[in-house]
Structure formats: structure tokens, C-alpha cells
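Letters A, B, C and D mark the chains as written, and numbering starts fresh at 1 in each.
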Amino acid sequence: MKYIATVKDQEYTIEIDADRGILIDGRPQEVDFRRLPAGGVTSLLMNHRSVAAVVEERSDHWEVLIEGELYSVQVQDERAYRLGRMRTTGMSVDGEAIVASPMPGIIVAVPVAVGDVVQRGQKVVILESMKMENELRAPCDGVVTHIHVSAGASVEKDQPLVGISQEHDEA
Amino acid sequence: MLRDDGLLVQKFDKLLIANRGEIAMRILRAARELGIATVAVYSDADRNAPHVRFADEAYHIGPPAARDSYLVMDRIIDVAQRSGAGAIHPGYGFLAEREKFAQACADAGIVFVGPPARAIGIMGDKLMARATVMAAGVPVVPGTTPGQTDAEMSAAAREMGFPVLVKAAAGGGGKGMRPVSSAAGLADAFASARREAKAAFGDDTVYIEKMIIEARHIEIQLLADSHGNTIYLGERECSLQRRHQKLIEEAPSFVVDDDLRRRMGEVAVAAARAVNYVNAGTIEFLVDRDKNFYFLEMNTRVQVEHPVTELVTGIDIVQEQLRIARGRRLRLRQEDVVINGWAIECRINAEDPYNSYLPSTGVITSVQLPTGPGVRVDTGVFEGNEISPYYDSMISKLICYGETRGEAVLRMRRALEEYRIMGVKTNIPFHQHMMDSHRFLSGQFDTKFVEDRFSMDDRDTAHALEAALLATLAAHEQNQRAAQLVAPGARDTSNWKWYSRWERLRR
Amino acid sequence: MLRDDGLLVQKFDKLLIANRGEIAMRILRAARELGIATVAVYSDADRNAPHVRFADEAYHIGPPAARDSYLVMDRIIDVAQRSGAGAIHPGYGFLAEREKFAQACADAGIVFVGPPARAIGIMGDKLMARATVMAAGVPVVPGTTPGQTDAEMSAAAREMGFPVLVKAAAGGGGKGMRPVSSAAGLADAFASARREAKAAFGDDTVYIEKMIIEARHIEIQLLADSHGNTIYLGERECSLQRRHQKLIEEAPSFVVDDDLRRRMGEVAVAAARAVNYVNAGTIEFLVDRDKNFYFLEMNTRVQVEHPVTELVTGIDIVQEQLRIARGRRLRLRQEDVVINGWAIECRINAEDPYNSYLPSTGVITSVQLPTGPGVRVDTGVFEGNEISPYYDSMISKLICYGETRGEAVLRMRRALEEYRIMGVKTNIPFHQHMMDSHRFLSGQFDTKFVEDRFSMDDRDTAHALEAALLATLAAHEQNQRAAQLVAPGARDTSNWKWYSRWERLRR
Amino acid sequence: MKYIATVKDQEYTIEIDADRGILIDGRPQEVDFRRLPAGGVTSLLMNHRSVAAVVEERSDHWEVLIEGELYSVQVQDERAYRLGRMRTTGMSVDGEAIVASPMPGIIVAVPVAVGDVVQRGQKVVILESMKMENELRAPCDGVVTHIHVSAGASVEKDQPLVGISQEHDEA
């Protein structure tokens, strides 16, 4: 079985073969993998190097916690991987990215307006929650197409706040 | 005994803790160790929180929002009376610095574990606090009194030299505060600070203060009993902040020597005496690069970062709070307080350091606490607890002790690696990155360091390959199981081992 | 550097830990804090043990039985060489006090983190140890030399006065040891001690010693560098034992004052110097009711109970071991060692205190560590680990610190209540009962207290009603679920609340 | 639903009634019971008193851990309870109690002989395991009817070591 695992834009090809063992990017590895019967911990020995981790499944990826660092891993088999490459990721079907509220809170400010050109990482909403002002940022370059809230509004978790179209450079 | 200043001091055998999270746990433990029975209060969001389980009794006080539960004074005093609690410890935040609440406790015949209401009132008003401590000879940051005209403030600013800060008299948490680098910016700053202060506090009084460059935030921990004895327990270095929220604290401070410690300590004692302070309190100072120090404010309560002082002095500050509230004399004199070794505290928050420190909510699916020599965890979160959006995002505090600062840092690195929290994102990588930073290691930082000169972008993470492999093995295992219809019960004992053909041949 | 006495002392950057359980974890943490890479070894029974996960590398060394894995010297030295480890730390038990192993390490060019092989050899032979330290002026329990005839020993016994102990020269752990209260019992005791010694050690040499009444077991922790500096870190009180197994240790001791500490410390240093000792070691003494002290033996390794000394001195003993093995000079002089506060350690064993302390095996289903101020846990067991019959039953050590002994005891009570281990039975109730005992609180105990005057039968347990209710609610919930075919996923969020009709009416 | 819960020879009658709430030995109680979604901890508030516990099912009883103390609880509904009272408990059908090895180990000594009269709690086998000598004791008064092992023997977990008949006083 051949998988493609993606971590932070880095892809690894991992083959699990009953006969040939485990190959990572084509190179064989000595691997001993254990999952403890309780507590959620796994132990990996790879060529005698020891790595302990917590591995949990999320809706569309795996989360792996190693020495304080949380890795988000996409695991796809070859077929899913090829299909996936044909689609744009993270967008709704009409090419609009939605900035949704990650938690309940109150909108402090929306420092963009419809029609603004924004860059990935640019502040688009300031949300007050958990006693802090939190900055929500654009997930991609694009043009602000919708603003669904204004300062002072109470919002729920997952409520859409701002829409950003990716297609400004084609217009 | 009800003192002249309205403070009720007497023995009690049952304590209500009017708080939640790690500080509620901290106080519960101190009370248990002193043989005092405990009463917890909880909102709808906290029925499953650990402070409910650890207390001897627990009472529901309302819906999740703090204003409907933890901030409702009458309801908390009512629980104290129904449960027979003779005292209330407010922790920090919530009702801890409400003059009215301290007074209401005394009026109801309940010991408030804290200072007299009047001391809270004075120290809670920035301008009154400033005037009071100045009269006691405490140095303050040069600045104006409130209620001056724009013209008067502009003249004062020119005299003390730019940059200056325009601040709201009723302010806090950075709200209504504006840095101004030249006379040209003053008018705008007055207007916008007033607007923000009016909106946030209903009071648009502003004043100006000289802005201290390369300032460090260093504070002195005090203990004062009800018999007139006040001592200082050395300093804490709290310069590592982000948006006025402290992130890492240590004791002692890299820049404080014995002489400066004694001078700051004596000034802090004088400031406390100026308001007839009783119980634990902290004087916050700004220290400039020439080691001049200026009174910033007094926190009239136990602080988040009190454990670093406990580790280097061996004194249990929360137990001392309870002893003082019961009317006992301090067991220690100033000369008994000795600083040994070094302690560092990292605040572990549910937030994503790689994404603007955005808070992270959810259910904690797995926790493994670091332990072993020199490691202390003050936590209010265990497996199965939910991090809800209703309260602040601090999950726990990780505190490490070492014989030297270097050893404390190395131990903190080790403890951060061991600490596993799954279910929400945490700022553990932020702390790891800080512990690796040369600026931190060499003690060269000020209150602007985190915001202005620290970035997670240059962090190298070493285990991407292993993470990829582990996730793939877990996914493969799941696929195999789905295909073969293995009974779910068999799931938990999977142990796989692969040797490559190459490896087998070599043997 | 290979010294004249055969001890190899030099810098190393990778350390093999030839042990398992909590002490392997303890050493791993110390190495990590010093920036030294780590190599674990494990038997078939320990693939899932935490020391394997915490190390940087791990190597399999054989089947579960220690004689086939952790005790196989060649295999461990082979792993050190394959992995490039420059040093081996033996922990305690297993190979820690095998002269031959220390020598084999030196022969292989590997640093042994411990004393010269010869020092292990001398101190490992009771009679040679006794002769060596006597020559250095160290007081020993009156007794005979070995190889004497029964008649000579009988005469000596009459001269020193009964009761006496007949002991095996090669003995340990109480084997080949017989108390004799009058001359009439001597002949039988000689015969049976010889028989047992022959069977256990292959050597039937016996000798006699005066039996100390109301003896306390008090030991002195030493550190010696390879440059001739030896210091003592104060004493540990280890009288609470059952069948020669220590259960609770504390530092300092209730019965040792400054003068006695200094005298015992200086004698302990003299004993160590008599064998040119290097690294951490402990001199065990018996102390009688008149505070006379007698050399018992030297443990030429780190001890289980070392953390209590670490907490009251602030010194990390395992880090010091590694520094000494790397050839560094001690950073501390005798006058720098100061005892602050009080520390108590409870050994948490998988055994049933209500049923003859029978060991308990199984998989740990749930662990919640106590934490917060003044609490340290040194553990080698986490959720999912198996307690197997192959190794000893100690799960972890719970160590509490207080400003006074009373505060340490109260904190220990609190921590024992918080500590949850499910899946095996533990001796936590034993420790709770001890912490409640007046004899323990008043410090009035000797090495016979646990066996002769302590019983679990009089323990009151307060929560039988709540346990009955909780089990019934869990059973009921399970019945309801079975009857209604609730989806398994819904299982985990069950929250039930009942108010009686009476309660509802009252509202 | 009515249950009988037995802890250390103490019996509690616990009624769970949709209408009347929870009654313990006939008296109504205000009870709030929660099981956390992870970690195995339950929380009980009973008339505002708070008790935290770990509750786990074993083959024939429940184990409840509260403040360091492990309680072994038998929970039976009324019918099972009445049936149970008609049988002798803990014995095999022919009235012989078996002392079995609780873990693998080596027999150090068997300080009783067939025909000996023993009392409940009396030492009958000494077993070396986990580096300790452990004493196995008679579960009841009786007469030793079988000894299956002798000193020096290696034994497995659950291996029968000694049989004790309860019926000596009827003989």
C-alpha cells in the first residue's frame, strides 16, 4: 500500500509492503510501532531512534503531537492524492474563501471593506473572546466580496464573517 | 475581629473559593493542607471542571458568562452563608479587586481573604494610587495629575521630553493608552484615548506619563499581617508580555542585585504601608536601563506568577494568605527571607502561536503532565475537561526550578517536551522557541521584546518525517481494520514491527 | 582519563542507561537537562515502558527475566558500543553494585557512572567493608570477624550481651540473618543461618553482631569528585521499613541535630575516603536510643530515596553524578550545603496493603498524578503500562516538601488523596494510614515499627456509601444503555441529575 | 429500579426511580452524577457534597477509587440479590475453596499439610515473585484437602496451589 503524507507543504511517499517492509521515499526503514492499550500514546522506534507521540484523527487530517509540537498531517492513498491534486483546496465551490468565527465572541472591528484587495495573512476581523482581542486573517490572497458582520455584533462558532474571492487577478 | 479599617480578621474552618481554573485548584490545595474545609462555586460551563471535584462541597451559581455567575456578589455571599463558610478567597480576576465585594463580605460577617476594602479602592484608582504612594516617598513615572487641560498636558510633555504615554485614568489592559513620539501627535492621541476610555470605562479622564524606554517590568511580592508587620519576598521579572499579558515570569531577575532588591523591597513596603495594607500584594515597577525604578501599580491580590517566588523562597504564599486572614502573625521576619536558586514560569495557554495566538477551544482528549525533579504544574485542566470560550485561555502554569538560571531554563525545555496536551492547540511551541532564543538565554529583553523582536517564523521543527510516518501507520491500521472487520475491542493492542528486507538480510 | 585505581573519568555526550522504571526516567531527565544524548535498553516485557519512549534511542536486549536482559553485562556493553555511548549509568539494583561490571566498562573504554570497581568490591563484602572502615576510625556495631568457630562466637556474644544477630557474610535483604535473645538459641541460629546463606549465596560464612534495640536507620548522602573532594549532603531517616524494604524516607531526621549531623557526616566522609570513593554514595548507620551511631554498610550507587535530599538541599544528585563522571570538580564546598525545610518520600508499590502486601499485577488503566506546590512524582509508569511480575513492584515515588515536617506531612496527605492509579492495587492506603498515625506524626518509630506495631485493621474508610452509589449508578447506566441500544459513541457524555420529590417541593 | 450494593459486608439499598428520584435505604437524596468524556473520572454531587472517583467494571464487581482508597462493590438488582443469598459465595460447587497463584512465581514454602485445620487468614503458601516473598492466606476456615505444589516449583498465574474444604465442622 502506498500513501502520500503531507506535513507543512512537505510530501512524503510511504509504502507499507508485507514483503518489503516500510519504505519512505523509496528507502527501506526498520520500524517498530506500538500503540499503548490506554492513554493515547504511540511509540515509534525507527532504526533505534525513539519517538513518542499522541496520534488522533480529525475530520480531514491527523494530528500528531511530538515533543510539544503539533503536526497536522494529510494522509492520502495514491488514488485520493491524484484526485486531490486536480481540485483547488480549502475553497468553497464558487471560489470564495470564507473567514468564519472560530469561537463565540463579539466583533471588535472589521478593518476591511467590500472590494478591498487583501493578501494572505492580512487582518480582516478582530474578534473579542476569552478575554482577548483576536485577529482573524485572510486565508489567501484575493478580493473581499462579502462582509456579514459589523463591530459590536455577537457571533457564534463557525458563523461566516467575511468572504474573499480568489479570482481578482483574473478579472 | 472587625478592625477600625473595616477588615474582618478571625479564625475560620470553612473557605469558599470564588474562582475557577488553576487558581481555584491552588487555593483548594492550600486550604486542604491547612485542614480547612472547602466550598467551590461553578457556572453551567464548569460542572465538570476540576475545582468542583476537588472541593468538599460545590454549589451552582448560574450560567456560563462570568457576569451571570462568578461576578454576582450576592449569589456568592449567599452560598457562603448557606454552606457555613466563614471566609471567601477571591483568587485573581473576577471579584478579587472589587472594593464593594470586600466590603460586602465584611458586612455579612465573612472574612475576605485579602486587604481592607479601602486599600483596594485606593490602589484600584490609578491617580489616587499615584498620589498616595508619592506622598509616602515612592518614585513614580514622571507625569501629570488628571483633569488638566490639553495645553497644560502638552506643556508638561515638552518639559519631561518625548516619547510620552497618554493614559486613561480608569484604564487597564492597555485600553485608552497611546504612545506619542512628538508634540505634533498629542492632539490626536488625547482625542482617541478619551474616546476609547469613555467607551471602555465610562470615564474619559486622561493624563500623561513619561514613556520609559527599554523598560523591564519587575515586581515585588509583599506579605503583610494584621498586626502591622510587612515583609517583601524579593522580586519577579515579568517583562515577557504580549499585549500586556504576561507570558513568562522568573525569580529572581537577571538585572536585580542585592542592593537594588533591598531598595525596591523597602520602597514596596512603604507603598503598602501607605494604604495600611494587609495580606499578600504586589508592587509593580518599571525599571529603566539605568536601573531607576518607578511605581506602576499595586495588585491587591495573589498573582498568577506567585509560584516562582514560592520556589526560590520556600514560602507558601497562599497558605500565608489564609493564616493572615485568620489573624495570625507572620512567622517570618525580613531577615529570614532568603532567595535560593532560580525559578521560571511559563503560562500554558490554549492558543495557536503559529496563527496570531488565536484562542483554541475544545475538549482535552489527552494530558500527560511533566514531572520529576524541579518541575511543578499548577493546572485547572485534566482529560475530559472542556476549554470553553467563556473564560480566559490559560490552561495551566509550568514552573521549573534550578540551582542556576541556566539549569532552570534547561529543565523548562525538558518539561515542555514532556508536557502533552491534546484536543486544543497550545502555546508550548512559543515557550520552547523562547527557551531556545539567545536573547532570552542572555537575559536581554524588555516589555516590547515579544511583540517587536520575536517571531515563530524561524522555528525549526525536527519531527515532520516521524509525524508523517506515524499518521500514515495509524491511517493504514485503520484501513486494515475496516477491511477486515476486526472487533473494536481488539483495537487497542496493535503492535507492529517491520524490518526491511535489507535489514533482515544483514542480520 | 584512566586513573591509577582503574576508574575511567572523561567527558561523554551520549549515555546508556542500564536500567528501567522510575530510576531510568530519573537518569534520562538529568541527562537531557545536561544536553547529553540518551540510549535506553529494554527487555521483551518493557517495549511499552516509558523509559523506551523518553530516550533518544532504544535497543532490545532480551527476554523479560532480568538475568536474560538487564543483567547481561556483555549485551549492555555491546549496545553502548554499537550506539556510540561513551558512558553507562547503572541506576540502582541490576548491575549497579557489580564490581565486575564497573571493571568491564573501564576495560571497554566506557565511563561507568559510579565509583571505582575496587570500592564496589570492598563495600560489597560486609566483612571487608567493616574491617576497612574500622581502620579509618568509623564506629561499627560490636561483633566478631568471620571464620570464627561456634565456641568463639558464643563467647563473644556473651561478652557483648544479648540480643545478638547471626548474619551471613555474603548476605543482604535479611537473608541468612537470625536474631538470638539468649545463649541457648545460638546453636540453632548458626545452623539455620548457614543453611540459608549457603542456599542463597553459595557461601555459608556467618558472624555475629550486637543487636541494636529501638534502632533507627539513618544514612548520610555523599558526593565525591575525582579530584579528592568529598562532601556530605545531610542525613535521611529511613526507619520505616517492612522486611528490610524501605517504605517511607525523610530528610532531615527527627532525631538528628546539627551536632550529630556534623559528626555523622564527618565519619561518613572518612568511610568513603577509606576506599578512595568517587561519585554519589551513601553510608547507612544504625542509631540507637542514646544517639550512638554505627556503620551498617555503604551503598555504592544512587539510592531510591535520593530525592528527599535533593528537595532540602536544592542539589540535583543525578546531575552531580554525571558531572563527576565527566571529570568535573564539585561546585560546592561543605559549607555551601544548607538544609532548608523538610521532605518526605512515599514509595508507591503495586501491592495490597489489606492483604499481606501481596503484589498486584495488571495494566494501568488510569493515572492521575498529584501536582501543585511542593509535590514531586518520580514515576516510571503511565496509562497503558503493564505492571509485570518480572520486576519489583515499585510504581513510583511521591515526594512532598514543606517548610516544616508538619507541613510536609499535611501536603503528603493531600497528594496521596489526589494520586489516582487504577488497574492494580497500590499501597497508597498504607501511606495514608501512616500519615494519620500519631506515632509517625510524633516521630516515634524505629525499624521494627511497621512490622510490629502498625496495622491496617484499624483504618476507617469514609466513602463506602458514595462508592456503593457510584457503582450502582454506573451499573444502572449500563443496564439502561443495553436495554435501549444507545449508540456506543453516545456513551461518554452521560450526565445525570436527580432531585428527589422532596427536594423539588422545597424549592 | 431497586439495587442492593455491597461494600465490605455493608449493604445499601439504592432505588433509582424516574418519579421519586434516588433513595438510599429509603431516604431521598439530591444527586448529580457526571462521567467525563475522557480520563475515566466521574463526579458525584450529593446534597452539595463533592466526591470524585474512578469507576471501572470488573468481571463480577465494580471497582471505585476515591481519595486513594479502592472500594470493591457488588451491585445486584433485587432478583439477583435474592438468588445470590441462596448460594454460598466464593466457593466452588463441591464446597472446596481454591488458593490459586495470583501471579507467576516460585513456591518458597507450603507451611501446611493435607488434613491440617486452618483458619481464615492463616498463611498457606509462600510465593516468591517481583523480588519479594509473598504470603498467600486461607480465604476461609476449613481443612486442607489438596496441596498441588511443593517448594521450588515454578507456577503460573491462576494455577491452583491448595484446596481447603469448609465442611470440617460438619464432619
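Note that contacts are C-beta pairs under 8 Å (C-beta built on N, C-alpha and C of every residue); 3 or more make two chains touch, one makes a residue touch a chain.
This structure is a prediction, so every number in the text was calculated from the model and none was measured.
Applying the touch definition from the top, give me the chains sitting in contact with each of chain A and chain B.
Correct list: C.
Check A-C against C-D and say which one is joined by more contacting C-beta pairs.
By the number of C-beta pairs in contact, the winner is C-D.
Report the chain whose CA-based centre is farthest from the CA-based centre of chain C.
Between chain C and every other chain, the largest centroid distance is to A.
Suppose each chain is reduced to the average of its Cα coordinates; what separation in Å results between chain A and chain C?
Using C-alpha averages as centres, the distance is 48 Å.
Take the average of all CA coordinates in chain A, do the same for chain D, and state the distance between these two points in whole angstrom.
Here chain A and chain D have centroids separated by 51 Å.
Where the CA atoms of chain C average out and where those of chain D average out, how many Å apart are those spots?
The answer is 31 Å.
Hey, how far is the Cα centre of chain B from the one of chain C, in Å?
Taking the average C-alpha coordinate of chain B and of chain C, the gap between them is 38 Å.
Quick check on chain A: which residues sit in contact with 2+ other chains?
Touching at least two other chains: 32, 34, 36-41.
Do you know which chain C residues sit against two or more other chains?
Only 47, 54, 365-366, 368, 382, 417, 495 qualify.
Using the touch rule from the top, collect the residues of chain A that touch chain C in their complex.
Listed in rising order, the residues of chain A that touch chain C are 32, 34, 36-41, 43, 45, 48-50, 52.
Touching residues of chain C toward chain A in the complex: what are they?
Within the complex, chain C contacts chain A at residues 40, 47-48, 52-59, 83, 363-367, 382-385.
In the complex of these two chains, what residues of chain B are touching chain A?
Against chain A, chain B makes touches at 243, 245, 355-361, 365-366, 368, 389-393, 416-417, 419-422, 425-426, 428-429, 432, 461-479, 492-503.
Give every residue of chain C touching chain B within the complex, in rising order.
Result: residues 25-26, 29-30, 32-35, 47, 54, 307, 310, 314-316, 318-319, 340-341, 368-369, 371-379, 382, 403, 407, 410-411, 413-414, 417-418, 495 of chain C touch chain B.
Which residues of chain A touch chain B in their complex?
Going through chain A, the ones touching chain B are 1, 3, 5-8, 10, 12, 14, 16, 19-24, 28-42, 44, 46, 51, 53-57, 62-71, 73, 75, 102-105, 129-137, 157.
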